[in-house]
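Both complexes below contain chain A, partnered by chain B and then by chain C.
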Partner chain A sequence: MTVDTLLAALGLIADPQVLIVILFASAFGLFVGAMPGLTATMATALLVPITFFMPPIPALAAIVTASAMAIFAGDIPGALLRIPGTPASAAYADEAYAMTLKGQAGTALGAGVVFSAFGGIFGTVVLVTAAPALAEVALAFSSFEYFWLVCLGLSCAVLIAQDSAIKGMLALFLGLAAALIGLENPAAVPRLTFGTTELMGGIDMIQAMIGMFAIAEVLRAVAATGTRLPPPRAVTGAIFAGQWELMKKYPVQALRGSSIGTLIGALPGAGADIAAWITYATSKRFSKEPEKFGQGHVEGIVEAGAANNAAVSGAWIPALVFGIPGDSITAIVIGVLYLKNVIPGPTLFLNQPQTVTALFVIFFLANLVMIPFGWLAVKSARRILAVPREVLMPIVLMFCIVGAFAVTNSPFGVGVMLAFGLLGFVMEENGFPVAPVILGLVLGPMLEQHFVTSMIKADGMLLGFFKRPIAAALGVVTLLVWGSMIWRGLRALVRKAA
Partner chain B sequence: MLKRRDVIKSGAAAATVAGLGLKGAPAIAQAWPSRPITMVVPWGAGGGTDQTARIVGTLLEKEFGQPVNVVNRTGGSGVVGHSAIATAAADGYTIGMITVEIGMMHWQGLTDLKGTSYTPLALMNADPPGVQVKADSPYKSVKDLVAAIKANPGKLKGSGTGQGGIWHVALAGWLQAIGLKADDVPWVPSNGAAPAMQDLAAGGIDVVTCSVPEARAMIDAGKARSLAVMSPQRNPAFPNVPTLKEELGTDWTLAAWRGIAAPKGVPAAVTDRIVPALKRAHDSATFKDFMNQRGFGMVWGEPAAFAKHMADDDAKMGVVMKALGIAKT
Partner chain C sequence: MRLDDRLTGALLLALAIALLVYAMGLPPMPGQRYGAAAFPTVVALGLGLFSVLLIWQGWRTRRPGAPLFAWAGWVKDSRNLGNFLLSLALVGVYVAASDKIGFIPLSLAILFALFVRQGVTWGRAAAIAALATAAIQYAFASLLRVPLPRGLLDSIL
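Let's turn to the complex of A and B:
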């Protein structure tokens, strides 16, 4: 990064439009995150129609800020209602609520704010240093290397599926199947279009995502009409007092949470929620006082609170460098980047260094403004939580329709969104994860493209996938991952039989 | 958001129209346009076609004092948007930017639409492809490259766009023109020129035929070299890159073009006003600066010339696409 690009980037951000966008996106992200049921992914999906009217930099600023804020704000109802605002806060909602019962809601939420910002900044530092370095390496990647990377990404989605690998795999294949539709395949032959011009364009991933993450939630709200949130507890105790002591007491926890969080974020298919579950567990395992966990002990909140925000930053590493999303938020981001003609990939760092640098600066900014804004959100928590869902959900639905229409300027897109919304609702009601569907939809075309082009380059020889050194190494790792998955599956079968 | 902007624009429009009225513009021309015009773009927002359409739209807004709303109808490799332009009402309130693909898609059996399905208004831009190789490639000139292709047909791989796309035809047509087979350089389909240029730099492929503005970033970064351009004249931005004619004596040229068209059967009252307006837009300093800054080639073709250009192009595409075995009709 040269001084020139940094100055150019700062020039892009000093635009009042960008700063105003950050302001509004913060408020929006905090609100969405704090509302139980509305997730950070949904905040991003709802922002898509608004980003249509913005140049690339403010559009990215809106998404980065809103998603970081939403992940923190998910802690608020966790502490005050024992209902996590987003899945990323689920791991320690009980712990935070136990602290509230002891009159330490201020400390719990203060730790949420401070360590969310800490984790977010840590993740950003890794993003700023690792992404350009990786991009430099990735410039030498051809379709062979990308093919294996995509395979690894898809395998991760199944490997990490929390409840059932079979359900994860089914969801993934559903996404891959939807990705087959249309004309944009290596042979440029229309597939599964049933003779319609509209389907030649294929399934738009942004429309599908708005449906799966937002419409599905609207449907759930409709199904649960009449139920109301219990009144939230008051925030007692100071918010920021004592946080410095926590930082001095738990530096290892904060750093460990941030590192694991960034890494999990960078893995395709796993995001902030899984990062929080894993780090809450590591925190307990390595704690000097594990017996205090669950009784209202702040240690786990420090580590997992840092981890989920670190994951948000980490997920951008593969998204920017390879165009492979690290989590469901960046899956939407990739769609927005394409719309803005900011094509993710190693050449992005070469062609538009000022855009990438501006993005990095926005990450720092977003995580810094989290501290004052987070404080405000905690202070006004009871008002936020009093907004009735009957008012909220129609607004969400309206945004979804506008957003889906705006992507392709066609009513057909609204139909696609509604269909995927229904699909997402049915899947989640039956315990199927929806994130693998999106990953399949995003990575499916890449998988096919890189496989077919590699085969043409290698004149049809499969060994071509192992001829280039990096491709060979990636291929061996992929085969090992598949081997271990099959091995685990077989062992489970044998155990069942015995 | 849109609404407010439109209100402001129509306010400004009303003021402009009032101003024109005082100067005593002809009565027929006053009738059109009396409301906003929609310009359909078959390609995504932010791309070259979209940028060109938007600058033309802005210039037309100034001409007519009516908002020109650019609408991107993407997908299906351009089929969706091109259909939207052709099937719109022929009242002059929907126009669109059509591209070189209109002479190609019907050969592949993707649509029945051809250049003749529209009222051509103006040809605005054409970008010829260059022949690009990796910076450290052993081929120093296009003659070296041809010798290597002749020595080992099928060994070198080319890319630049999807299967049967404009740059695929450019490469295959060139090979045919110099007496080689269209598939002596097998085509590796890519999602556009940028990923193909990256793959070239990574050593995954050997040749990329794509337009100069598309190849520019990689050439400027010192990762690729341009050996020749497939145009009658050299590109002013790269004066050291020879033409195919200079190097090999072949007359093969091709270009990706963009033009403005309306649905078939638009009344003459509309074309009589819009064609001169497009000409003024094309000749304006704003348009020139914009195109030069991006390295886009400027050409002008009034309706008859544009129609002839499309017909010639269409026939040329048919020959090459049949040789490649991708034409269905």
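Let's turn to the complex of A and C:
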């Protein structure tokens, strides 16, 4: 990063429009994250139609800020209602609530704000250093390396969603099947369009995502009317007093949470929620006082709170360098990047260094403004949580309809959204993870392109996929991941049968 | 709607077979051995393989007497089922009729119906529906220039 690039990037951000967008996106992200049932992914999906009409930098600023804020804000109802606002706060909602019962809600939420910002900044530092270095390596990649990389990314998504690897793989193949629709294939043959011109362009990723992450959630909420939220508890105790002491007491936990969080975020398919679960467990495992966990002990919140925000930044590493999303939020981001003609991939770092640098600066900015905004959100928590769900959900539904319409300006898009919403709802009822569907849909065209190109280059000989050294290494790792998945699956089946 | 893994597996296997048959009928790319059919074939085979594994898993873990298909708990509550079906139907109506009727009347109707259905009083429902519709119309149609369908109000807007 040269000084000129940095100055150019700062010039892009100093635009009042960008700063106003950051302000509004912060408020939006905090609200959506704090409302139980509305997730950070949903916040991002709902923002997309609005970002259509912005230049690239404000559009990216809106998404980065809203997602970081939403992940922190999920802690608020976790502490005050024992209901996590987003899945990323689920790991330690009980712990935070136990602290609230002891009159330490302020400390719990303060730790949420401070260590979320710490984790987010740590993840950003890794993003700033790792992404350009990886991009240098990736410049030499051919279709073989990309083929294995996409395979590895997709496999990680299934491997990490360990509830049922078979169901994860099926969800992935459903996404890949949906990606077949349309003209976007090496031979430009219309596939699975059933004679409709609307399907020629394929399934729009944004419409599918609004369906799976927002409509499915609205359907779940209207199907459970009558389950009202209990009144939230008051925030007692100071928010920021004592946080510096926590930082001095738990530096290892904060750093470990941030490192593991960044790493998990960077793995395709796994995001902030899995990062929080894993780091809450490592925090307890290595704690000097493991017996205090579950009874209102802040140590786990420090580690997992840092981890989930670090994951948000980490997920951008593969998204920017390879165009492979690290989580469901960056899956949406990739769609937005293409729309803005900011094509993710190693050449992005060469061709548009000022855009990449501006993005990095926005990450720092978003995580810094989280501290005052987070404080405000905690202070107004009871008002946010008083918004009735029976009013909110229909408005979210209407917003989804207009958002899906705005992508293609056709009611057909609203139909696509509805179909995917229903699919997501039924899948979740039957224990199928939905994130692999979206990954399959996003990565399908890329996987097909590299697969067919590689097959033609290797003349159908699969050994050709292993001839280049990096491709061979990636291929072997992918095959090892597949092998371990099959072995684990078989072992689980044998155990169940025994 | 809860399906037994064996039934889900069978449905997905049928989908995989249909996809495979479809892929076999796709035209080849002139001068190349691999074209539009190569990737769909791989996807169909993968989908088929894991469908068979799901059927096998469902078979190994089946419980005697468990039905292949069962409704989820919320379906038995007529109010919840009504809310669910109404939401689906209203979005369906929007898809089918938005061009003719337009965004504003449909948004008012959809929001009002859902609010009232979920227990909001009539007056409050009407007021919030009007406010929300006006806000969305202003934000999307005026500020963001999304051509929201005008329908019946074409001559006024």
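The working rule: the second predicted complex is superposed on the first by the 491 of 498 C-alpha atoms of A that agree within 3 Å, B and C clash if a C-alpha of one lies under 4 Å from a C-alpha of the other, contacts with A are read in each partner's own complex, and residues count from 1 in each chain.
In the analysis below, a residue touches a chain if its C-beta (ideal position, glycine included) is under 8 Å from a C-beta of that chain, and two chains touch if they have at least 3 such contacts.
Keep in mind that this is a model prediction, so the values were computed, not measured.
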Partner chain(s) touched by A:Val452 [first = chain B, second = chain C, both, neither]: both
Chain B versus chain C as contact partner of A:Thr282, first or second or both or neither: neither
Touched partner set for A:Met398, first chain B, second chain C, both or neither: second
Contacts of A:Leu422 with chain B and chain C, given as first, second, both or neither: second
Touched chain A residues, chain B compared with chain C: C
Touching partner for A:Gly182 - first (chain B), second (chain C), both, neither: first
Partner chain in contact with A:Thr5 - chain B first, chain C second, else both or neither: neither
First, second, both or neither for A:Leu219, with chain B first and chain C second: second
Touched partner set for A:Thr408, first chain B, second chain C, both or neither: first
Touched partner set for A:Ser380, first chain B, second chain C, both or neither: neither
Intersection of the chain A residues that touch chain B with those that touch chain C: 53, 186-187, 409, 452, 456, 459
Complex interface listing, chain A residues touching chain C: 49-50, 52-53, 166-167, 169-170, 173-174, 176-177, 180, 185-187, 189, 191-192, 215, 218-219, 222-226, 388, 390-391, 393-395, 397-399, 401-402, 405-406, 409, 411-412, 414-415, 418, 422, 426, 429-430, 447-448, 451-452, 455-456, 459-460, 489, 493, 496-497
Residue ranges of chain B in contact with chain A within the complex: 1-2, 44-47, 71-77, 79-80, 83, 108, 110-111, 154, 157, 159, 162-165, 186-191, 194-195, 197-199, 201-205, 217-218, 221, 223
Touching residues on chain C, where the partner in the complex is chain A: 1-3, 8, 12, 15, 19, 22, 26-29, 32-36, 38-40, 42-44, 46-47, 50-51, 53-54, 56-57, 60-61, 72, 74, 77, 79-81, 83-84, 86-88, 91-92, 94-96, 98-99, 103, 107, 110-111, 114-115, 118-120, 128, 132-133, 136, 139-140, 143-149
Chain B-touching residues of chain A, taken from the complex the two chains share: 53, 56, 139-144, 182-184, 186-188, 190, 197-198, 200-202, 204, 338-343, 345-347, 350-351, 408-410, 449, 452-453, 456-457, 459
